[in-house]
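Each of the next two complexes has chain A plus one other chain: chain B in the first, chain C in the second.
What follows is the complex of A and B.
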């Protein structure tokens, strides 16, 4: 609470020192959280928000000696809304950091704003490689490009799956993942029999799955956005691909923790590569999953952990700058940061400001009556395959 | 006021006379630049949506063409301005004119599709054209950036003088100026003999034809003009946000603009402007108040507006004008 004495004291201090730090009188640091809370990507927003709130519930609301306040705004997944909200948060609400961004275009849209205002933006969800180069003030805690697909390629070759058909959704992240997988798979000596792309709007997988079946590969590698994973799995079973001896390997989006229960038994045995599983065995993850379950009544998925780690990064950066909210100082503090997340050990690449993390190969199994992605193999410290090296 | 009398007044050209509330509206909009410095970004959005709605009003309110794909022209203009700014000319006014031309020509080319069939066919063809463009925009990633959106646009100052600032001040003045100029032109168009003949076509195309008014040529012209307007609205969006998202071609934009026009009332140009003000402010206010559930409330309010105002919907302008004329400070409560 600001009493009159406090106010007089700070006024006197300003007069004496005549410094004009932008955040002087504020003991509060505001973080603008922009998420799609409505519309087709509302589940992303819900999960990220749950992750952010879980972090604050577990770690309190002070960092670097300042009180942290979240300003949540909904952009409904529309890029010009995201851009306007970001601009308003920076100009009117004087936020020190931005966070969120459910999809690639939404992140892209704020690049000019954060560059001009020098405000760091932590991406909790959007994954395409291209985003990071658009502004020096982007940091990412979700996934860097096709990070999750590359280890799947290596694993597949090692386990005798030499002839593979790829099936991806026809949009930016899908193309990234297809390329990431294909490059690595060919390098390791595999053969891509066919590359199938499925439209983003109203997907009906049946004809595409028939093409996969006719090609008679060892396995089909799949990437679809998390929301349509259950539809895909259902049609995969209906088309009898599993009976034809075609193995299903995928990125973790297909067997999203949040949806796995709804997909049900058809998902059993599916092999996926991803950075997070709610079944990850660590005390950090147990606390995190429990917190999300208690407060948001749902199972935390990879979106939630993106939000959780974004908050950790914000807190840690504030601690490192002793509460200084200068954008350039904050972004420099974030570079090279390393910590143990619920997903496992992660760090921020100082050169690209992108996340470096372990990718786990998992298999869907039943544990205590519920389906989980159970991790059985780890690929350490994976960088964005398109940028690193 | 009977409809016969209104028609007579219209035919006499009295409708073209300037009303007090029109001046008041524009004065308030200009004053907002100084009075509401923290709200300029949302006001910019209102101005852009208003221009978009005015463009739809030109075909819906005056020529009676129902469109579910009007965002085709909006999105095309947005991409045209974006690509021009990224690769060639970064000056906004040039981009605005260019976008207007591109969309206008596309409107001209596709206008022949709306000449045939009834309202339902028109709904489908306009919707189809918008879908086609949306998919093209998604597939031609080398040109449009595909699903990632078109980025890397950096606009130079307007006319080489006024830079787009972070507070959105110059952006707002620019958009408002464009809206005012284009609304004035639209006003001239609809109050001209050409505009009157359009309304005759809207009422009864066959009778209009019997009177020697060729519906086809007039519909083609107004459709192209409307498309150019929508394209310029799209260009404004691109220029003020320095980004083009693939959702400029998405269906929800066509639906939104139709909704805006329904709220404000079609057929008097200002319906789009009032509708845009109400729709945007309501949405912004509700989405701040309840980020998760605002869609429920906006849906409820919209249903209420339509239910309560149903009989008066087309009579809103007359009602508005009548109630405002009596007061000394008109239009104050309708504008931000």
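What follows is the complex of A and C.
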């Protein structure tokens, strides 16, 4: 909270400075960062912000010869706020790029604003496939639709899990993931015994889990939003599904690095597919995780890496345009960009402006007394299965 | 099948403990307290803080959650609620919903917006089979505690001196005062009891229902349904209603997952069509 307040103060100070000395503004590039910093999705906002700050701490605050300035605003996770803030940032603050967007509807809401103003918007968190087609100025550094679900399907069939029940939360990303998993799973010769959808506002998983148990599948494939995931895990274990021989496979949202410690031992042995693990073994990742730990006092998760890479993309685009902040030039510079992120090698598909990345199959294990998603298998260069056929 | 029934009963019992405080304040004291869920949330957070920060056993957290929430309830009754007993229901609603939003923001500020998790002691984890029914230990624990509380509450309200004083104070405050009953003390105690029960429910439910700052709003609708379906004249009504809704909700989600979330509302509408004043209501009120 304090950092945010400081931030607002400094943003206001800069706004005043730029009125006093207009020449100063030309040397500064402003990036509007819109995140849910309060409300139920505040953890997303905190992680993305930590990722953004970590990038600036490690790489300085100049790119393409210009000073980069972040203007952070809180939309509390409501779409009309996101849109209003985006408009204000573009019109009043004259930001050159927008960044953030915790949920699909929040990203959707700014599409008309960025299309009209020709301001690139880098999506750090929202994942549904449908967003990218809404504006030619969207770029994404989080995950493209059911990118992480498809390799899990292939892996499951390869490892003898032929009969699977899917259990997803009943909203956009859930439907995407369910379809992505099911299509691939059937293609590989698996059988979906049943597809269960859980309401978004769901207090108790008991009946759904009992249904899964009674269907007696080899495994249950799960997608639920990160916060609820921990609750789900506990009930999964308590209901004895693991003892009944039903394996839990999931996308990485369920074993979110940020929450894994709090879920505790019930999570041990869970198999997930995802694009980032804090335990990823690379020098880039070690530096990133350490920086987030030192400055934000938490373990970086996949949201933080989305913010980190969004900043990298912004810096690299500015370097490529030599500091030119014209929106169309920036977005063209971003297309086809390739780099090594803390998560591994990634690139931006020039056609869809969406992220192409490796998906890792991981297992929850204990390392130095803490739980981590340990990667043991890699599926290279996965595209969004719905768009890039 | 019976496992579903068991889960439904556990869920219903929990709903009852969470909502019975509301039925007391609404039914007996005639005060529309929409902030009831905030007390439940307070109890949940007390448990989370005591367990995760101070490592206190879950069993001690339950009475702690009850007493801390009861104290908060009593303090708020004396300072705020008391002034609104005579106010119109609209004022009460506006006041208490305002309190809900303050509680949500406060919880968000101090505890963060994420789901809070607690680790139940090992003996409450897992489940066992009894005559082919899968019984979750934590759910059994919830049922036992709630059943004991229900009996105790029913006896306290109908058989004790305090109970009859309370009913007298509600029915005719002036006469009760004339007979030497301290109406305001009774109301403070009753309000504290109701809040405390909500806090206890929040503590018991932290594992099963989850806990985040939106808890009061997320469950407000369930509390209201329990109280409207059950009627507000006794605690038997809300008890039966909570069980009915718990079982209907769980069974609905099991057998008809597509429509699952709506079953509970369908049941409410049906009951209210047949008995507009709730399942058990005093006629002619």
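Definition applied: the second predicted complex is superposed on the first by the 363 of 389 C-alpha atoms of A that agree within 3 Å, B and C clash if a C-alpha of one lies under 4 Å from a C-alpha of the other, contacts with A are read in each partner's own complex, and residues count from 1 in each chain.
Heads up, the rule we're going with is that contacts are C-beta pairs under 8 Å (C-beta built on N, C-alpha and C of every residue); 3 or more make two chains touch, one makes a residue touch a chain.
Bear in mind that the values here come from a model prediction, so they are computed numbers and not experimental data.
> Using the touch definition from the top, say if A:282 reaches chain B (first), chain C (second), both or neither.
neither
> Given the touch rule stated above, what does A:207 touch, chain B (first), chain C (second), both, or neither?
A:207: touches chain C, not chain B.
> After superposition on the shared chain, which partner residues are touched by A:262: those of chain B (first), chain C (second), both, or neither?
After superposition on chain A, A:262 lies in contact with chain C alone.
> Per the contact definition in the header, classify A:172: touching chain B only (first), chain C only (second), both, or neither.
Touch partner of A:172: chain B, not chain C.
> Just chain B (first), just chain C (second), both, or neither: which does A:38 touch?
both
> Looking at the overlay, what does A:332 touch: chain B (first), chain C (second), both, or neither?
Touch partners of A:332: none, neither chain B nor chain C.
> Could you list which residues of chain A make contact with chain B in one structure and with chain C in the other?
Common interface on chain A, chain B vs chain C: 38.
> What does chain A use to touch chain B in their complex?
Contacts found on chain A: 37-38, 46, 72-74, 76-80, 83-84, 87-88, 90-92, 104-106, 108-109, 111-113, 116-117, 128, 130, 134, 170-173, 175, 200.
> Using the touch definition from the top, list the residues of chain C that touch chain A in their complex.
By the definition above, chain C touches chain A via 3-4, 7, 11, 108-109, 112-115, 117, 119, 125-127, 134, 136-139, 207-210, 212-214, 218-219, 222, 249-254, 257-258, 260-261.
> Can you list the residues on chain B that touch chain A in the complex?
For this pair, the touching residues of chain B are 38, 41-42, 44-45, 138, 141, 146-149, 151-152, 154, 166-168, 237, 241-243, 245-248, 287-288, 291-292, 294-295.
> Along chain A, where are the residues that touch chain C in the complex?
Those residues of chain A that touch chain C are 1, 38-43, 196-199, 201-204, 206-208, 210-211, 213, 227-228, 230-231, 234-235, 237-240, 259, 262-264.
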